[in-house]
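Worksheet: the structure to be examined is printed underneath.
All chains are identified by letter, namely A, B and C, in their written order; residue positions are counted from 1 within each chain.
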Amino acid sequence: MLEGLSRSFGGLVAVAELSLAVEEGQIYAMIGPNGAGKSTTFNLISGLLAPDAGRILFGGRDITALPAAPRTHLGIGRTFQVMQPFHDMTVLENVMVGELFGHVVPKSLEAARRDAEAVCALVGVEPLMDRTVQGLGVADLKRLEMARALATHPRLLLLDEVMAGLTPSEAQHAVGVIRRIRDGGVTVLLIDHVMSSVRDLAERVAVLNFGRKIAEGSFAEVAQEPAVIEAYLGEEAGSPP
Amino acid sequence: MTAGRGISLAVALILAVAFPFWANEAQPYYLQIAINIIIFAVLALSWDILARTGQLSLAHAAFYGLGAYTSALLTLRAGLAVIPAMLAGALLAAIVAAGLGVLTLRLRGIYFAIATLAFSETLRVTTNQLQFTGAATGLVAPPLLGGQRVVQYLAILTVLVLVVLVSWLVNRSRLYFAFTAIRTNEDVAATMGVDVVRYKVFAFVVSAFFAGITGAYYAHVFLFISPIEAYSLAVSVGALVAPIFGGLYTTAGPVIGAVALRLVEEFLRSAIRSGYLIIYGLILAVVILYMPSGLAGVWATMRGRRRV
Amino acid sequence: MVIFGVLRSGLYALAAVGLALSVGVIGIVNFAHGEFLMLGAFLGYWLYASYGVDPLAAIPFGAAAIFVLGGAIYRGAIQRVLRAPELNQMLLTFGISIFLQNLAVILWTGDPRVATVPYKATAVSIGGFTVGLPQLIVFVIAMTLTLALYAVLGRTRIGKAMRAVAQNRLGAALLGIEVERVYLLAFGISTALAATAGMMITLQLSVSPYIGLLYTLKAFAIIVIAGLGNINGVIYASLVLGLSEAFVEFYVPHGGGWAEGVFFLLILLVLIVRPRGLFR
């Protein structure tokens, strides 16, 4: 749950008094035109950025002052929009990093390895496990991102534009994966521009524009708000149905 | 580790241990060279361990010199016995590294390197100034283990085995994942739950400890240190070129690089009395330009493997 | 003391502004910067010792020579790592630095040398203070050259091209600016400026192959204080360094040696407290 978060960069207000409440076990989506402050919000939640004002509560606990790594230990995991694999390592090793340092501490390297393999299977990168990261395609890199984040056994998973660049069938597959993740008890907060996927997945949606929340509700409710339609007019990325 | 690998390593170790006894009788000069090579190898490995977290130090000599001077001063002024003094020297180097590590946490790549270089230069200059540290004239230190070359050799060989073990363990454990993640991208590593601060400082401390003990060893084996030698650029440059040449982030790479480079250096030294460091500059430039993964990379490519 | 510090800043500014140019325009931190300074110094010394040419008079020649050398090194080596990770660039220039330093040692041995020009000990009175004539001349020349560089950057076409490239490489290329040539030119100028500073050093201080590193670090301290890529701030930053060193020399007992450590403290301080520099 976020309360009144604000964050500026220089003179640019990125996020202004944003308040969101995400319930456990929900799939919650944040949408909005480019530059609306969505990625900044993710950075604030995962701990890479500190807010200028406001609080972040996770499971009832105020984590606003907590740095990034402890937040992961509490159970917040995320993927990155610009894919950032650890390029010196194989796919499996990448996932193992999440496994070894995440929310659940494995009993041994072997146990971590097995868990990591299971995560890879869940996400669909099992055949690539021993390959180095160079030369992987977009879809596979996205899956790697997800696998790595999943390996930290998060209670809250932040998915940053995982649908971008995927073919419709890959997107379908990803939707299935995300649903299974949620069914496993993980709360999902996602950012995306691919509206069809958002519509399929999200139980609740918040629309951001210029760092402010301009609408909140189910996908259908939000799509009809005049403020939302106006925000998207002229935007290329996805169109409200 | 395969049986074949294990056996060859064991054989190598036995030969290494037997070597000094033979050399002392037959060719004492070889023993000297061997000691130098091992010192270099320890230094190179210690640098590599730090480099695995992405902290490329341009001034490993700082810790080398700190170890040397602390140990020498403790034996000369405080009357401490040699071996405890050496350990104390290494410990001090490690503590200073912890402090420096914390200070430089937020400095990325180049800035970190500059900071280390500036640190080393400053140490050199202040040591040069203070009467307490012997100023420019330097210090004469008491010998280790009675000056017996054979025993001294075995001592540094032990240190080498130790640091090889540490390096090997690091690459086999959780630490490998932590270090590599931090090196690649600190922010992402933190998001995956890696405690970046702890691991960076840890690497720094371990690295400095071994550099420090090498410096202290040098002081008590070669019996004389001065700011120019202890904080010399030659040490810093050597410590970084050897791993780059031999293969970064591996255990074998720095050792191979150290042996190869030191042999070349010995050869050059007989031809050119000073300025032989030029070969390091040349090799560094050539490796960066043409062989980014060093000797180990070339080897791996030839054998069709990705990682040594 | 203040005058002392100010005079010294002039030389520092000249030494540093070349590095600032290289960092700002090309984006590469040239660790070998000080070696070009050292080479310039040796060149100046050699011309004086062999032909009796006053180092100051030899400046155009020396600057041109090093400009060519710098350009050659750029073409031969540095150009290749422009797209490589920053650390590779750093290691390469570091390697070049070691190479040049030791080349000098091999060619000219490590002994320090001084060019004792006839007017070395002459002093001049300014407003009640006595200053050495060489120091004064060096300051004037250094300042003039630095300001001249600013003028070039601000007024001439090539200067504007450099500033454009410094700010936005792609944009500049789209505008038709030949980025590669600008880089080459910038690097050449940066080394030439360093060499000029070096030639002036022979007048006052002894030069040895080992001074390069120290000046690289001091230049780096200055550009860090000014803020990376901020060429205009170099003069003020040099004043900071020059005055701090002078302060330590005068007021700290046995200050002479300690003053040499000032730059390190400044580097650390600025990088930790205000990484963007003091004069942004």
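One rule holds in what follows: a residue touches a chain if its C-beta (ideal position, glycine included) is under 8 Å from a C-beta of that chain, and two chains touch if they have at least 3 such contacts.
As the structure is a prediction and not an experimental result, all values here were calculated from the model.
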{"item": "Chain whose average C-alpha position is farthest from subunit B's own", "value": "A"}
{"item": "Per-chain CA centroid nearest to the all-protein CA mean", "value": "B"}
{"item": "Between subunit C and subunit B, distance of the C-alpha-averaged centres to the nearest whole Å", "value": "32"}
{"item": "Centre distance in Å when subunit A and subunit C are each reduced to the mean of their C-alpha atoms", "value": "48"}
{"item": "Chain centre separation (subunit A, subunit B; CA means) in Å", "value": "43"}
{"item": "Residue numbers of subunit B (touch at least two other chains)", "value": "none"}
{"item": "In the complex with subunit A, residue positions of subunit B that touch it", "value": "173-174, 177-178, 180-181, 183-185, 187-196, 249, 306"}
{"item": "Footprint of subunit C on subunit B - complex, ascending", "value": "56, 58, 103, 106-107, 109-111, 113-115, 117-119, 121-122, 125-126, 128-129, 233, 237, 240-241, 244, 272, 274-278, 280-285, 288-289, 292"}
{"item": "Subunit C - residues contacting subunit B, complex", "value": "29, 77, 80-81, 84, 86-88, 90-92, 94-106, 109-110, 209, 213-214, 217, 220-221, 224, 254, 257-258, 260-261, 263-265, 267-268, 271-272, 275"}
{"item": "Footprint of subunit B on subunit A - complex, ascending", "value": "46-48, 67-69, 72-73, 77-78, 80, 84, 86-89, 93, 96-98, 100-103, 109, 132, 148-149, 152"}
